[in-house]
Every structure is written in structure tokens, then in C-alpha cells.
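Letters A, B, C and D mark the chains in the order given here, with residues in each chain numbered from 1 onward.
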């Protein structure tokens, strides 16, 4: 059994890593860390774990890391992993970092959007962007994986193949994403995260200026071989889990809905977690809730010469913890879908 | 007191007309009609009305209309008003029709989208499209008003002035709308309207092929003076009331967010029910729930040369019953906002 | 027009007083107070009020009270009204206090449950407990009304007549109440008020030790003419507004459901805001949401010799602001239901 | 691998049996049956199963049962299993029936509450009531298990030990249960199951006359050794999954909260799915959602001489499918918690 530590285990992403690993046959959770809950059982902070998890939260420091585990999931505030990761790597540990610290190769972009000094260039170079469907071989060899942002996952998976194949224009992409409130994290950031201020409502926020836009653009530019520009409008919707992303693109050549779906299907047919829907069906977040699936549909609108891609993921699973576990499986030579085959809850 | 009848009073739109009229000082509800509930008190079908409404539902027929009321709100299935309206007009009654029967001037478009024979040309000519902010003078003189669809209201109000002023391109408009489930009507249309099949989920439907797209296009073409094309993607979200519409348009000239907001503000400054938000604020459906307001924001994205307009309405009020009452007020010479000044519920 | 001030106007109860008063024909809101929002427009804090309320929040002090208004609604933290009220009364103002400060006649009980010194005896003696259905004449003559707690309203209205008539035993009453999350107030009290920690869940809290139990008992003892004991179990349910209370009592004599309903109906038949449902119907919170109604049902269970009373109110209206406005109407000689005849939102 | 069939696989309970069995290491789903969906893939009806379940629904008949499977889960309408079970048993198959057909040993009671002829006496005698925590040894030897109703599970588990130990009075038990809407089943039974008619509301139904009351009473009488009477008030709450039951009982002797908890803990300490909470904590449905846990708290109220037990289960798991799989594990000699160790979703 590989010994695994989760740093930030009382947050939604960290807690979900723990939940998933509980059913992992090759892994044992050896340590859980939480600054605010240090000294208290994890099952007091996440009461659903009572009877399943018997660990106490500790305060994380790399000094005890040597003994604590072989593999580290880091789910800390942005900026905090930059110091810890080099030491962990030096000790021979492998890491998946769930923050934004290693997602952006451009250090200037990181600085601009996160208002902090970026990770050292060498470390960024080593970090692999953790979308297995696109970077599987590099992830297998990686010591450090940068787990992608939740919105970017929902956008990159459907768009990547179409930019690669030059089906859609790289400079005319509009993304309208809708997220459940768990995407806000466990610590209320705002009075508007209070239940009666969110419930029964929908709203946009940070339109055309959300941190996940540059992340999408950097990755999608790799697909296009040229600069991609995304107009990104995120929204908050009063549900628990789920991201639904609609991606509006301009077609560079005449294609039918069927052809787009065929292209996506051929690209993803061996993938266990990407489901290309039949023509005329659309994703619903409830059909992925609690699972690691990404569901994708496509509609070509002849009148406007546009393609509408829609994707649904569970932001906490394929958008965070599930993705991270999938990367760990690859990094450690395990079967890629171990601990990830749980079906969505229905209803 | 003017005597008013509501046909289809047990549905969500008809019931809301009744709710609003209860606080109207110039109007008395003299008759309520419902095919399925004929013979039963309205307050049995809408139990919130107990103690407030003492009327029994009747089965509607134009034979008794002469005596029944002076003014008719028609909230019936599509196609049903086409027969009734000419007789009501002949009797000297005025009508607001909440169905689609008189919304489209193009009879071919109606036939294609609704699969039925359209209303006679003369009747369509007489019908005024019921957005007071755009057609106030014509509504004042109208005998027949076609109350707009819920989605079109949320799209036409923000877009109209910008097309009129040629700020945005008429052939490159993308609308991503999100609606609460009350928009599905009171009679379940689908197994997926069952609570556990909707709750905690979001989904698109009828992308690029929803009936409200041609309605938007017909009206917006009047603003633009040329054909407008809209790529329309509606979504269902697990809340009760509210439509949030994001409208992505291409700018025809360089403008700032501030300039767009100023243009909208000057267009709507005398309007009691349109609120142009300050720069940096976005609409939330909770801030309009239960009210007749339409809240509008704008963001110019320099990088993509696009403008993002966002609007929020309560689909049952400004998207249906409130709009209808506002039109009635105009048609009958009442103060326009009578019965419509209720503040949104908070929280 | 009477000039009215609302202290604590940015909270849920205070904000709702403002919402209701907007449609009051005899009243003008002359001042709104909020410690945290002083200096900012009320419509910035409650954005639904934009275009309807043009007042800036001020920091409350009795020094400016003389000029500010004739009537004061006080919605402050417990303990804060005790100092302010005597000064307001001295200036000849009338007050409805929405806190617990004047609800309990027993000063010892107040001290035990609120951990603070109680109001002076003379002031308590003057304060009238604000349930118009029970204390109408005293409220009419009052200068100071103690607006009841939300749970107590839902329990006292159905139980009072049955204790008065000695139909049920005063020492064997169990109350199981379920409240929407707005009952927690606008300021999150707990990490568990965060949307994802409440949503899609239900839980009891403070079972057999909630502050509203002694309040119910004090009032109900007046009805019974002897000490009443209530086992009170409150619950939180993931909805916005509404309290549903089930009250399980032991029958002192054999009665039928029909007889109980008749007794309740005869007691409340002239009341505009109490609706006794027909046999076989039960209250639903949606049928009172946004309104000042209290709906009540009764079922006699012959097998156990028990009566089950169920009531539904909107905790923010009949459970707080609506009740307060109803009291103001009585205190000021207005028609009792002014500003309170709004029908529940449906759906 | 044991071959298992699920009859009624497209309903909520049947679908959940399938979901759970997907992670069962000793079992293979060999057939799924659905009258309404016969001929269509199960993954079309439950779209979350796409990529996970490759079976087509068939129309169930015992004629093909011989070949179809070794073990049958029957989730049909009440009355339907009575004919099928004897034939299946004759073929040597084992069955868990999720309907009410074999839950009540009293045939008269079944007839009265379900309006149908009860199962033959011999068959009822053979059927074991499927609560493993109480009937483990009998379930291990059973060929036919009657899977309990969802409400009864939530009531019997906390009450059984206290009746056995004569801590509480058997003739004075009040149960106030609150259920999520999935408890209504997948086929809308009522217009009030429509999303906008349920959402944001709570209501009681069938107070003192719900079919699950006699089921509770029959089982609890076994614990008490005398007739138990339950006043049962079920409620519907606008959430997806979860039952919260409050049980109010009269104490027969003076005990403390701590003593009651100790008694419960000692009774259930070896149980993998029953969690007795610490003093001062209460169950929340979110902490059991998606899992097979039953969480239980207790509070003694000295003033009223009453005990309040509260339990939370996921009605679809411990209240239906999880319970059924747990029984299957016992009946087939598998480790009891196989496929059932999934942690609750959080958040």
C-alpha cells in the first residue's frame, strides 16, 4: 500500500480526495493536514467520515513529511505550495498540487492574476498540467502535477480537439459557465455565500476578468499552435455541485453536428471518463454529480456558422479531487480509474 | 372599477395576473376561467389565495363574455386565442393575450415554429407587441396586445437600444439564457419536470432551435432596421423564478463599458421598471424575484471586441403577468405602474 | 403621513418592514438605521430596493430620534433596545421592538436564557406582547409592543384557544418546528450557515433548550391559567422562508377533528390573517410565503388520544415584520391589514 | 461471480441497487427489468450509467428467470411480487423484495392498508424482515427477505433497543419524520410532485394514517413484547435525499442522556452502519447522503420526562437499496458491508 498525505483535508477538494481514496485498493491515507483543525479528528470536521476515517488533522510542515507519506496531495491557499514542493521533491516524494501555483507556465501571468511572486522557472518547467486525456504520458513520468482549475477542465476537454483540428477559430471563443456554490470553497469568502443570499438565485461574476481565463488560454494555445483568446463569463447557481459550460465558437469550415461529434468521439473513445453524447442530447449536471465524468454535447448552428459545445462536470470531482486522483494513479503506475468508477448519484 | 377576466387563471401566468390585480385600485376581477378546474373555487387550485379570492373557476366561452368583463387576460394554450379574440374585440372588449398567437407578425414563422395555422393577417396587424418601454404609445391605443415571451423580454430590453444606435452587429448575437423551472408551466410537460429529476441540476435544451428565437429576431430587426440573427441557447436551472440572460455581441465601434451604460441609462431613465446597474455590478435573479423589474448590466471586453449584456427578470412577472398588467394599465389610461410597485422579496 | 424609522433596516426583519411599508398608504419611511452600513444607501445593501427606496443608512442614536420619526421599529441585537426604548417613549414616540428584550415578563427567565440583565420591571409591565389575534385591545393602547419570536407565533396561534377551552393538557405538549434558513438572520452565525453546508439538508438544533420555549410557555400559561410546559424541538431546513410547526397535544376530553376545527374557526373567523384549513388539508409553507397568513390544520388521532395541530407561517412576515406592521396599524389607529394584504407568491 | 437481476431497475430504489452493485466485487448484474422501458438500454433511462452499465431493460416474467440470474431484487408496485416470489423460490432463487408485500405478518393489516389480498400465510412466515442489525441470523438463512419501508428503518433502529430494555413506554410514541422528495418515487404520483409545486416548501401528509405506521408498530411490538402504538406524522421537504425522524417517547424510568446514548452505543457498537452521535450533536441528512449510515442522537428532557431520539438516513440507501444489498450480502455469505462502504458526499 502506498502511503498518501492530504494537505488541506478539511476543505472541499481535500475532503473529496480523502473520500475517493477510501475506496482505493492500493493506497492508504497516512496523514491529513489542516491548519484550522489541527489536533482534531478529521471526522469531526467532515462528519460524514465518522466510522470511516480515524485520522487526526495535523499542522503541515515539510519537517515531518519524510516519514508522513510517499505521495502528497496539496490543497492549500495559492502561493503556499511554492515553498513546500521543492522540499518534498528533494525527499523523493511525488505531488499533485490542487492550487493554481503550477498551472500557468507564464510567470508574468501568474503574478498579474494572483498578485504574488510565481514559482521558480525550473519548477514550473517540471510541473505537468494535469489533464490525463491530453497529457497522459507526461503525467506518468511526472513528479509534480498541477491539477487544473475546475472551469478550465470543463472548457479544455471539449475545445482541445477542435482547435487541434482547426475546426474552430482560436480568436473568437465565448465561454458561459455556470457553477454550483461548492466552487466557492468551504470558507465563506463573502457575505453573499450565506445560504439565504445564494439560495434560489443565479448571477454572473468577474465577467471577462476571472483567473481561470488565462489558464484556459495558455492550454488551448498549445492545441491551436497560436494564441487563443477566450471571453469567459462565470456564473454562480444555487446548487451544490456541478459546472455546466457552454462554449460558443466560430467554425472555420463547414461541418455538421454529426461530424463534430464523430471527431470528439474518435478523440476520446478510449477515455474512461469522457462521454460524448448522442446528437440531440445535452449534458445535465445531475448525470455527473459525484462522479469523475465529463459529458460533452455539440450543436452546429448553420445560420450563424457557429458551434455550441456544452460540457458538464462535477466541479469537486473531475474539476478537482477526481482529476487529482486520476493523475496520482498515472504517476504511480496504478490502473488509471482506480477509486474513480463510482456512478453518479441518481436522483 | 373596471371589470377584468382572467382566462387560464390556474396556470402560473394567469394566477400571477390575479395575484397582481388583487392590489390594483382601479380593477375588480369579475371572472376567472380554467378548463380543468371549472366549477371549483380558484382558491382551491391556488391555495395561497384563500381568504383573498372568492371566485369560482368557469369554463371559458365567448358566449358569456359580454357580461363577464370589460377586459380580458388570455393565458391559454397556443392556438386557442386566435378564435376567441375577434369575438371579444367585436363586443368592444380589450385583450392582452399571453400566448404566442399574436407575437409573430410573420405568419410563415408562426406556422413553422408552432405547427399551427397563424392568426389572420388583419388581426396580426392590429396586435401590438407588448413591451411598454418600446411601444408605449401604440399600446395605449391598442385593443389587442400580444404579451411577449419571457426570454424575449430579457433579451430585447438590453439589446434594442444598442441595435438602434448601431453599437453592436446585428448578425453576430449569442444569447445564453438560464430560466427557473416555473417557466415550464404548471402542467408537467415531461418526466424531467418531476422534482427529483430537476432539483440540484442545470441543463441546456433546444439549443439553436427554441421558439423564442424567431420572436427575438423579429423584434430586434425592427431596432436594427435590418435582419438580426440570434444564436439562442436556453437553460433550465433548479430554482423557482427568474431568468438570467447573457447576451454576447460584437461591437461595431470602440466604446467603453461606461459609454454603453450611459447609453442604456439615457434610454431607460424615465422607465419605472428598468434598472441599469452601476459599472462592476451584475444582476442577480433574487433581486428581481416577485417584482416587475428588469435589471441590466454591461461589460465591454476590449480583448475580444465584444460586449456582454446581462439581464435579470422574474419570468412570471416582467416575463409574463407583470408585463401584461403594465400593458393593461396603458391600454386603459391607468397610471402605468399600478399594482406593480411591489419590491422583490428579500431574502 | 406618519413618519416611521426602522432601526436595523439591513437585516432580514428590518428589511422586510421596509418592504411592507413601501405599500402602506398612511406611512412614510423617514429614516433607516444600520450600524454596519451607516453612510451607504439602503438600496446598496438590499439591491432589490433600487428605484424604490432612496434613503441612506444612518448610525442609530436616540439623540437624533426626536426629529427622525414618529414611530420606531427596532430590530437590533438582544439587549440593545433596553436602553433606547425609555428615551423614545419619553419623547412621545411609539415603538415595536422586534428583539426578545420585552417579550418575557419574567426577568429571571430573560437573564437565564439571554445571559443579560433584563429590562426594568416598569418597562416590561408596559410592553404588550404583540399578537393582535390575542391582545388586540391592549396593543391598540400600547406605546411599546414586544414583537413575538417567529417560532412562538406559529405555536401560540393554534394552541391558545385549545388551552383556553381546556381541550388539551397543559403539561404534555410537544412542538416539532421546521424553519427555513432566513430564520438564522442575515449575519452568518456559524460556518454551517454557509450555502454548501446547509443546502439539501435538514437538522435539529437546540432540542429542549431553545430560547423560544420559555416565551411560548409564558404566553400559553396565560391561556391555560396554569403553568404550561412545552418540549420544543426546532429544525433547520434548506429553504429560504417558512416555518412549519407540528404540535402534539394530549386531549383532555373526547373531541373529533371536526369539533377542533370548528372551535378554531369560531375563535379566528373574524381574523384576516388566520386561515383554518378544511379537514383533510394540511398547511404548506409555500402557500404563506411572502404573506402575513398563518395557516392551521388539526387532526385528532383516536388511537393515541392525541391532537396534532400544524401551522405554517412565513417567518419573516407573520413571524417578524408583518406582525410588527400589523401591531403598528393597531397602535396608530390604521386599518389593521394595511400593507399586509399581499398574496403569497405562487409558485 | 453471483449473477443478480434487478426487477424495476429504472425506479429510484432499483436504480440505486444497480449503482451500488457496480462496485460489488462478488456480483455481476446479469439482467435488469422495467415494464415501461423494456427494449431500451438502462443507461438511456438513467443517463448517469452511460459507460458503466451496458444492459438493456427487459420485461420481467418468471419464465426466463431460471436462466437470468441466481438472485433477484424485486422493486415492483405493491401486490406484484406476491405472484412472482413463489416461482422464483421454487427455482432455487433467493429474493429481496423492496415492496411492502412481505413486510407485514398480519394479513388483515396488509389488506386494510394496501387494499389488496395479502401474500399467502406460508410465504409470509418464510419472509424475514430485512433489518440486519436486528435480524442478522435469520436473514443469513433466509431465501426471501422483505426489505423494510424507508420511514420504518429510521424509526425502528433508534427505538428498538429502548423498547427492549423497557426504557420508554410502548403506548406513547410520537414520530415526526421529514423526507426528501425522492421518497415519492420516480413516477409523479400527484401534480404536487411537479418541481415548482414542491420546491422551497415543506408540508405534512397522511398524518396519523400513513401505511408505514402499522409496519413500525408490528416490528416494535416484537421489541416491547406488547402492543406498541405510534402516532406517525410524515412530512415532505424540498430536498433530494434524506429522512430525518424525531421520535418523542415517555421515559419509564429516570435516565440521563448519557445513559441512553451508552445503551444505544452498546447495542450497536459492532454495527458498521449505525453511528450513535456524541451528546450534544444531532444528525443532519447531509452527513448520510449517498451512504448506508443511520445516525442517531438522543436527548432526555427532564422537565417533561421525555426522550427525544433523532435519526437520519438516506432514504434511497439505508431506507431502500443499501439495506437490500446488505441483506443480500448476508443471505449469500458475503462480507456484510461489500459495496456499501462509500462515504457520504460532502458537500
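Here are some notes:
The rule is short, and it goes like this: a contact is a pair of C-beta atoms (placed from the backbone, for glycine too) under 8 Å apart; a residue touches a chain by one contact, two chains touch by 3 or more.
The structure displayed is predicted, hence computed values, not measured ones.
Rotating chain A by 180 degrees superposes its CA atoms on those of chain D, with the angle stated to the nearest 5. When you average the Cα atoms of each chain and compare centres, the chain farthest from chain D turns out to be B. The pairing of chain A with chain B is characterised as same-residue: of all residue numbers used at this interface, over half are used by both copies.
Rounded to whole angstrom units, the spacing between the C-alpha centres of chain A and chain D is 36.
Centre-to-centre spacing of chain C and chain D amounts to 39 Å, using the average Cα coordinate of each chain.
Measuring from the averaged C-alpha position of chain A to that of chain C gives a distance of 46 Å. In chain A, 12, 182, 186, 196-197, 199-200, 238-241, 284, 286, 289, 347 are the positions where the chain touches two or more neighbouring chains simultaneously. Partner chain C is touched in their complex by these residues of chain A: 12, 180-182, 184, 186-188, 191, 193-200, 238-240. Across the complex, chain B meets chain A through its residues 171-172, 174, 176, 178, 196-197, 199-205, 207-208, 229, 231, 233, 235, 237-242, 244, 246, 248, 282-286, 289, 297, 299, 301, 303-304, 306, 308, 310, 312, 347. Within the complex formed with chain B, the chain C residues making contact are 12, 15-16, 19, 22-23, 46-53, 182, 186, 200, 240-241, 272, 275, 281, 284, 286-291, 293, 295, 316, 341-347.
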